[in-house]
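Both complexes shown next keep chain A, but they swap its partner, so chain B is in the first and chain C is in the second.
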Partner chain A sequence: MVTDRSKLGFYLLISPLLLWLVTLIILPHIGLFAVSMSEKVGVREYETGFGNYAVFFNEPLYWRTFARTALMSISTTVLTLLLGFPIAYYIAKLTRGRTKTTLFLMCLIPFWVSELVRTFGWMILLRETGILSNFLQYIGILAEPVEFLYNDAAIMVGLVYTSILFMIVPLVTTLDSLDDSLIEAGYDLGGSGFSILREIVIPHAMPGIVSGCIVVFMLSLGNYLTPILLGGKDSLWFTGLIYTQFITRFNWELGSAFGFLLLGLSSAVVFLGLKLSRQSLSNTMGR
Partner chain B sequence: MIPTVPQSSAMKWSYRAYVTLFFIYLALPLTVVCAFAFNDSLFPSLPWEGFTWAWFFGNEAPFIGVFHERSILRAIGTSAFVAFWVSSLSVTVGICNAFLFVRHDFRGKGFLYILMLLPLIIPGVILGISILVFASAVANTLEDATGLWFDGLRPGLILVILGQFSFITTFATLVISARLQKFDLSLEEAALNLGASKWGAIRQVTLPFLLPAIVGAGVVSMLMSFENFNTTLMLVGSDAPLTIAMFDKLKLGSTPVLNAVSLLLIVGSAALGILSLIFQRVKE
Partner chain C sequence: MPFTADLVCRDLTKEFKGFRAVDHVSFDVPQGSFFSILGPSGCGKTTLLRMIAGFQFPTSGDLLIKGKSMIDVGPNKRPVSMVFQHLALFPMMDIGKNIGFGLRQRGVPAAEIKQRVGRVLERVGLPGIENRQVSQLSGGQKQRVAIARCMVLEPDVLLLDEPLGALDLKLREHMKIELKALQAEFNTTFVYITHDQSEALVMSDNIAVMNKGKFDQIGTAKELYYEPANAFVAGFVGDANRFEGKVTAINDRLVTIVTDGGITRQAQAAAELPIVGQRALAFVRPEAIQLSKTAYDSATHPNASAQIVDSVLFNGANSVVLLRDPQSGETLHAGLPQTGDFLGLGKGETIHTNWHATQARCFVAEGH
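Our next item is the complex of A and B:
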């Protein structure tokens, strides 16, 4: 009787999970793959094959955009790590109590706000009639208005801004758990600031660094708003191509192939990151 | 570089300067967006033409404020509708998942747990198109078979809700599981000893304990739903939620009305976020 009832409870608990994962995650991705493998040969006639993937590799615009998106996402990740690490270290090790909570909260607040609003802020700052251009004219560095928007640097500024929190939070968590006495011991043994950073702090923070880098890379790769709004007419982003194929051109077959390539790249990076750092998905993402 | 280790003051001050600069960088875009909501000009840019409330309350063209701009008000309504359903669904499923993963041991648990985490590492755009493709395939099959229309499976609010639900549930599950893990099972056993039914013990002992996490997960889900862009973009039909409506307006050219909406969004989400933090601290 008791086992029967707990069996029933078990099935009641597992069914929403299965329903969610099967209908919204697994089947859609199988469907996406199936569509990416079908080539249109006539009106409502399709053939199975790698044709859509061949189109991607034969058209330089497509694979160049893919490579560009990947490279810029990698640069964003490196830049975010370099900029975020000192901040995370400061919050975790050099502040205490209330200051610490306040600083941490100040990092969090911008990310409760829509990405659209943040990007809009950068547009106001960087455009030709914007704050930065006016400010530089005011202090005499520039003679006339300069357009800071619509270039790759603007995209990078926006991407770093959008994703830096996801670097800082895991870093603060891992650095918090590093015992101060280990650093003191390092100094007592005659270590320099740099060697202590390299041999004590960074190895300890590795799990945080890896999970931060994975999330930041993924967010940049899959970003649509920032490159579209801050980048110029020819600064293409791969998600933009997917959108064009799906919504503007209505070529779902090619769009699905693009989608799968992007998914493949992001999964490969996650997998490599986890393997290199000997972490598991449950440890890094499950928190 | 810790307080107990002495350091040159030049080093200390340049570190502080960097941290200060970083926080200015963080605050700058939001401050600017808020400030220009009050500029008495048709464009959110310099020069500063004086202070005005027109972009909130104005009702004469061209100064139509947020509270008189129908399309924006409707978009806020749509977003609130979507956020309500997404957060109710994800919190409900999240509670079930938390009980399943914390309280039960079964074959394939590790595998299911990994599957449950997958939505975190799938880019939002891909989630959107995969659900779009799948829903259309199902709709086509059903329509060919029955001759009826299945509007719910075409781009529109139902797909937007399902698309956001598909990854927000993972966050809800993680937040609620974390708290359930801290629960002392002997409390529930005590309730059972005192004659409570299994369900009664869960309802009167376990769920109240989980309440802070449930509220927290609900707030996080709402915020994530309200600000989601990538997944929504691919699934949206004729009723655009706020972020999509603002994006469409922004592409046509920015006006200070967008600043005013953004200011309301910033105030709203900051207030919601801080309230939920305070609520959790009071409860714990």
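Our next item is the complex of A and C:
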């Protein structure tokens, strides 16, 4: 009796999760996959095959955008890590009590504003008649207005800005758990700052680094707003192509194929990252 | 034998905001000796040790190791190594990597590191455990690995920050003997800080008793125990009964005190001779108190008195009897010799106590 009731409780508790997974993740993906496998041969005539995937590989614009999105997302991840690590180290190891809480909150504050508004904020800063351009003219570095928007660098700035919190949080958590006496012992045994960072701090923080990198990479790869608004017409992003296929071209078949390719790409890169850092998914994300 | 001090502190002072953690501390530690700094928590001993290691900078004073000033030398450049309170073994490395860490920093070739790590592990009695993980070791083994990790660098001075605190009692007793043996084996100067007097008394060649940032006394275990320099040392090192009262008579160095409860006691003045009328403290060790079932002659035994047994705390050879004076209510604890004479002693019985005045130490009470 007791075991039956506890089993019922277990199923009741897990049912929202299962419902969510099945109806919102698994079913749409099965449908999407089915759609991606159907080629349009005539009006309301479809055949099953890999034609949509072939279109992707035969059209250089598509796979180049794909590769560009992947590379830029990886660079964003690396840049976010390089920027986020010192910030996280400072918060976790060099501050105490209230200062620590305040600094942590300050990292969070930008997230009270919608992503759209934040991105427009960057546009106000970087556009031709924007604050940065005007300031550089004022102090005499620039002779005439310069457009800082609508290039890859602007996309990077936007992506790093959007995702840095997701790097800092797991890093602060893992660095917090690093005993200060380990760092002191490193110095005591003759270690330099660099060798302690390499042999003690980074190995300890590895789960946090990897989980931060996975989240930031996924967020950048799947981001739509920031690359479209800051990148303009010349900087294509793969999510933009998917949007075009679904909404503008009304080519759901190709759009679905793109969606699946993006899923494959993100899974492959995460898998590779885990293998290279010798971490397991449960070790990094399960904390 | 020429006097060579491995570690010399001269007027070392450390001030935090409005608070002096270490107050003009001076001492020498000769080569190859085991030096302990004993004090209650918050007395500044950890700050002192961290200054020697280089993690904190003294406000004033000088610190010399092998005759060289260490004031402007970083912790990674000093010829001292430290065994941390919780050992601070690196969990991300195996034992071999842990011990080899310091040698790698010095750029020693890999083959030589392997050889030296193997040799130091043999010396601490744990040969062949290079490939084990830190989590696979027992508490005592971790302790020895932590010492090996320092000793492989052949430091001039090894600092130990209460490393036995986290161990259980049995292992702690065992490690005390082992630490002393390791110190003899390596013949390195050990500076050991602890709040546990038995650790300090058992292992050390010399002990400094630290209180409120100052060294109250430096001496051998015997000196501290039998000739404490002041009331704090007398109360802190070893167990002692404490009496406070007014000085009524002084005969040579023999001081007569009348306690607040009206009992007359005699004790030997330890340092400064008190003046008649001044308040003074007297300390007597529990094992110095003689017990008898028959009354002592009070004319020849000025410290004799009759006491009521409050309770008997049986602890084998360390058994103690708690006594209460029937007139003043003052309590006294005395060692209970397990010779069989007092086997049936029970609560409420009367017993006679006495001690020689030379076994009791008298100090002028502070602030009077």
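Note that in this section the second predicted complex is superposed on the first by the 255 of 287 C-alpha atoms of A that agree within 3 Å, B and C clash if a C-alpha of one lies under 4 Å from a C-alpha of the other, contacts with A are read in each partner's own complex, and residues count from 1 in each chain.
Here is the rule we use: a contact is a pair of C-beta atoms (placed from the backbone, for glycine too) under 8 Å apart; a residue touches a chain by one contact, two chains touch by 3 or more.
As the structure is a prediction and not an experimental result, all values here were calculated from the model.
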Superpose on chain A as described above, then tell me if chain B and chain C fit or clash. fit
Is A:Trp112 contacted by the first partner chain B, the second partner chain C, both or neither? first
Can you tell me whether chain B or chain C touches more residues on chain A? B
In the combined three-chain arrangement, what's the angle at chain A toward chain B and chain C (CA centres, steps of 10°)? 90
Tell me the contact category for A:Ser177 with respect to chain B and chain C: first, second, both or neither. neither
Considering only the touch criterion stated at the top, classify A:Thr99 as touching first (chain B), second (chain C), both, or neither. neither
Name the contact category of A:Trp20: first (chain B only), second (chain C only), both, or neither. first
After lining up the shared chain so the two structures overlap, which partner does A:Leu189 touch, if you call chain B first and chain C second: first, second, both or neither? second
Could you state the shortest Cα distance, in Å, between chain B and chain C after the structures are superposed? 5
Intersection of the chain A residues that touch chain B with those that touch chain C: 184, 187
Report the residues of chain A in contact with chain B in the complex, numbered from low to high. 5, 10, 12-14, 16-17, 20-21, 24-29, 31-32, 35, 83, 86-87, 89-90, 93-94, 103, 105-110, 112-118, 120-125, 127, 129-131, 134, 161, 180, 183-184, 187, 193, 196-197, 214, 218, 221-225, 229, 239, 242-243, 246-247, 252, 255-256, 259, 262-263, 266-267, 270, 281-282, 285-287
Name, in rising order, each residue of chain A that touches chain C in their complex. 179, 181-182, 184-192, 195, 199-200, 203-204
Touch list for chain C against partner chain A, complex: 53-55, 74-77, 80-82, 84-86, 88, 90-93, 101-102, 104-106, 149-150, 153
Within their complex, state which residues of chain B touch chain A. 1-5, 15, 18-19, 22-23, 25-30, 32-33, 36, 43-46, 92-93, 96-97, 99-100, 104, 106, 110, 112-127, 129-135, 137, 162-163, 165-166, 169, 174, 178, 198, 223, 226-227, 229-230, 233-234, 242-243, 246-247, 250, 254, 258-259, 262, 265-266, 269-270, 272-274, 277
